[in-house]
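Given below, in the form of structure tokens, are the structures.
One chain, chain A, appears in both complexes that follow, with chain B as partner in the first and chain C in the second.
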Partner chain A sequence: MINLASLNSSDVIVFTLAGMLIIILLFGFIMYFLFTYRHKQRDFNLLQIQKDEIGTQKQLLEKTLIDLKSAQAQLIQSEKLASLGQLTAGIAHEIQNPLNFVNNFSEVNKELIDEMQVAIDTGNISDIKAISNDIKENQEKINQHGKRADAIVKGMLQHSRTSTGVYEPTDINALADEFLRLAYHGLRAKDKSFNVIMKTDFDKSIGKVNIIPQDIGRVFLNLITNAFYAVSSAPSTSKSPKGDLPYVPTVSITTKLIKSPLGDLGAKRSTGTETVEISIRDNGSGIPKDILDKIFQPFFTTKPTGQGTGLGLSLSYDIIKAHGGELKVETKEGEYAEFIITLPV
Partner chain B sequence: MNILVVDDEKDVQILFEQRFRKEIKCGEIKFAFAFSGEEALQYLNDYNHGAVLILSDINMPGMSGLELLRHIKEKYNAPPPLVMMITAYGDAENYNTAMRLGADDFLTKPVEFNILKEKLKAIQ
Partner chain C sequence: MNFDFYDIFYYSCLLISAAIGLACLNKVERGFKWLAILMVLTVVSELIAKYLVYGLEKQDNNIVYHFFTPVEYAFYVIIFLQFLEDKKWHWRLWLSAIALFLFEILNTMYIQPLNVTSTNVIIAESVLLVFLSLVLFLKIRETPSQRILLREGVFWFNSAVLCYYAFSILVWGFHNMKVYNLDNAPQIIYDINMILSGLLYLSFSIAIVFNALSKPLMRNTHD
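And now, the complex of A and B:
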């Protein structure tokens, strides 16, 4: 037992101080725990808020993505409509011509049959033979031009329809020729002064190529329309290579079947040894170096606002890539631009 | 009457020869054909504009029918042959341009040959 009386005053001070220290320490610990707990609670609350915020942002972003996707779909649709609008005038002209023949040759045949009946009555066999030959020839013309009108309408429908995404064996030369004519008449209908020399060099040895015809048709239309635009907006000071001749705006389409050389180690697939190359070349002002790496970017256009969607080349690039092919460009400023499509056969 | 028909559609020749076979047979009308504006000018130079009447399409690759019309009306002024435009585009702008350049008539495709024949008779 501690004898209180034996405690001197200094001992009392020491004990008191120690007690106070313990109390202070205890209080400190309690305060510390209290503080860290509250801090943690605050951190937790903050995290919860942040989590909620992230959730909201995520939803917002997801909605934005959906909006963007639908906007993109709309843009593709409007680009398609814009090029379809360009085609409509061309189609009208293209259909009037075969109709002119269908109407007139069938009327001629009616007259010829009347004449033949007269010849039959008079028994003039040589006349009957001659007239029947004429009727037959005209009939063939009617059929031929009827088919031509049919092909034009089908082409238009194919263009306006959403891509079926179905690969079909297609005559690349005929497809290119069809869109060359449509693009030409379409532009000519809008701009009477537009003039161009069109050259085609089709490799007849190309058989049918398995492609999505609507998609490749759009690529042709885009590239040909661009070429026409390039030659029509080429400065009139442009000279032909000789320098002294006047500028002759020229757009040429060339197709080539390319067989890779025998023993090509790179060609592993037995079907991948042949490619088709389609070149669309214009002698316009070419593409300046500083924009060459931008031309396939979506929305990039050199046309004045409202005149181009800036999606033509970008879509074309995507379509060719989806076909396992390549779309390349070669150009020399002031001389030419050439777009080369390579497609596997 | 000598008529030069200008159109880039080759079947136009067969069509005209059939449509006018009676007139051709009895020597009433003689046709020549050119398949481009350039060819038409060549013909007019070679034959010292032997054509009295020119029927021309407007939309042709290379020289358009309207350019051909301008050439003819500017160059051959002693007197220039009659020029009738035949086009699938019957719009006002085409019509006005053709008239301003001195076209004598303007027809639209599909061609109504009965109307064309009447017009030719009126000229004769």
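And now, the complex of A and C:
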């Protein structure tokens, strides 16, 4: 097989030595490669384990996020129900008035009809005409108050309904006025001793603003209820800003149409440069500076346990932001708190 | 037809490996498909070489290797491109294939005509393949898989290429040196080359079998 004679030649020795050198080099290289590869592989495997772990954690986090979203939706619903609870007494009071009118006028009409029957029997035409005119007037009043009750019920239904997210041209002044009264009567129904001076200063030039009325109504209700709470819980020793008059709890709502320069608020949705400013101000004890940056945080409340969810201001803030507006607060401790809503027209 | 032990060993290995390559053709990754085709092509070239000597009774069959070497390198380029999976190597490798082809023409015209073994081109091809093998080793190390390395076809292929072509440089360099001194190299170096060639193709078949048996790799591609 191998020519042994040729093995003695110096060529073969040189060749063998070179071959051995190559073998050593190759062996060394492959060993080094295998060694470093194992290190890399270990790192890679560790990376894979970490990757898998991160994947698992990600899945867990995603599940938690879904749970949180669901909990958040439930909390929003609870907050809505809570505000509906606040409204119920006010609504009942509001409906009571037109119902009283309806009942009274229908009683009067009944008596007038009796009188008219007597007048018919006697043939007194002029009396019949006068009585029928009275009945007609009363009937119109019944109709008017019936419509008022209908509007209140519809408003209540609208408030309780899930927001459709549909922007509608809405009379901001009317909406603010309605929720001011509902909130007031709601509180009065619970606490007969509660009293407050309510001041409104509506800018009639505002007209209709494109908003989601259910949502903005909710914001008004939250802010007005908070204002009422602030003035009702203000110390009785509180003084008016002048300091020499007895404390008169006052809540005022002001609306203003502001012609702002280009590029201001709401530029995203509105091509106009006008904004509406709605301010809800109370002369309660104000908001302490140390909690001022927390009031819009979810679940933050200064009310005693069980009295507030701590979501009212947070939701209000979100709603106003979703409308492309701003919700700001100005306050002076011991004097006033003023929530200013700015909405693009 | 004279066949000694080395011939029998080499041709047996080549035929077995080519047969294994063909049998696994549908089960392996694209790079190994090209490797199987290359082995079949090698069988064909060897058959032509034998036919020239024994069929047509030509004095030598060196012409076959003049043509086969650049073609073989082009196949290796395709195979390495499949394994390197990096576009930046495309033009570099094809440029090297073109350069080798041009070198083959010039070598044939001016240094080693068709009746002389084109050892210069074989050495150049070997140098390029050793370099490519080292590059592929680097790539394998940078993108480790979760499997045992010794059961990976790419590792066997690359190790075989590195070892064989490193020795090929030695064998043909030695041959050139002796020829330059108007001397003959001892027969044993050619015999060793035959053994190494047989082992190269056996290693290729092992690589193909491992690849055919393995599931798709999950490599850390640093995406």
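As a convention for this text, the second predicted complex is superposed on the first by the 259 of 345 C-alpha atoms of A that agree within 3 Å, B and C clash if a C-alpha of one lies under 4 Å from a C-alpha of the other, contacts with A are read in each partner's own complex, and residues count from 1 in each chain.
One rule holds for everything that comes next: contacts are C-beta pairs under 8 Å (C-beta built on N, C-alpha and C of every residue); 3 or more make two chains touch, one makes a residue touch a chain.
Everything numeric here is computed off the predicted structure, so don't read it as measured data.
Participant: Answer with first, second, both or neither: which of chain B and chain C does A:Asp134 touch in the superposed model?
Facilitator: Once the two structures are laid over each other on A, A:Asp134 reaches chain B alone.
Participant: Check the residue A:Ile22 against both partner chains and state whether it touches chain B (first), chain C (second), both, or neither.
Facilitator: A:Ile22: touches chain C, not chain B.
Participant: Quick one: classify A:Asn45 as touching chain B (first), chain C (second), both or neither.
Facilitator: Only chain C; A:Asn45 stays clear of chain B.
Participant: Report for A:Met198: first if it touches chain B alone, second if chain C alone, otherwise both or neither.
Facilitator: So A:Met198 only meets chain B here.
Participant: May I ask you to decide whether A:Asn104 touches chain B, chain C, both, or neither, giving the answer as first, second, both or neither?
Facilitator: A:Asn104 sits against chain B, while chain C stays out of touch.
Participant: Tell me the contact category for A:Lys289 with respect to chain B and chain C: first, second, both or neither.
Facilitator: neither
Participant: On chain A, what residues does chain B touch that chain C touches as well?
Facilitator: none
Participant: Sort out for me which residues of chain A touch chain C in the complex.
Facilitator: Going through chain A, the ones touching chain C are 1-3, 6-7, 9, 11-12, 14-15, 18-19, 22, 25-26, 29-30, 33-34, 36-38, 40-41, 43-45, 47-48.
Participant: Contact residues on chain C for chain A in the complex?
Facilitator: 4-5, 137, 140-142, 144-146, 149, 159, 162-163, 166-167, 170, 174, 178, 185-189, 191-192, 220
Participant: Hey, which residues of chain B end up touching chain A in the complex?
Facilitator: Per the touch definition, chain B meets chain A at residues 9, 11, 14-15, 18-19, 59, 61-64, 66-67, 88-89, 93-94, 97, 109-111, 113.
Participant: If we count contacts the way the header does, which residues on chain A are in touch with chain B in the complex?
Facilitator: Contact set of chain A toward chain B: 92-93, 96-97, 99-101, 103-105, 107-108, 134, 137-138, 141, 145, 184-185, 188-189, 192, 195-198.
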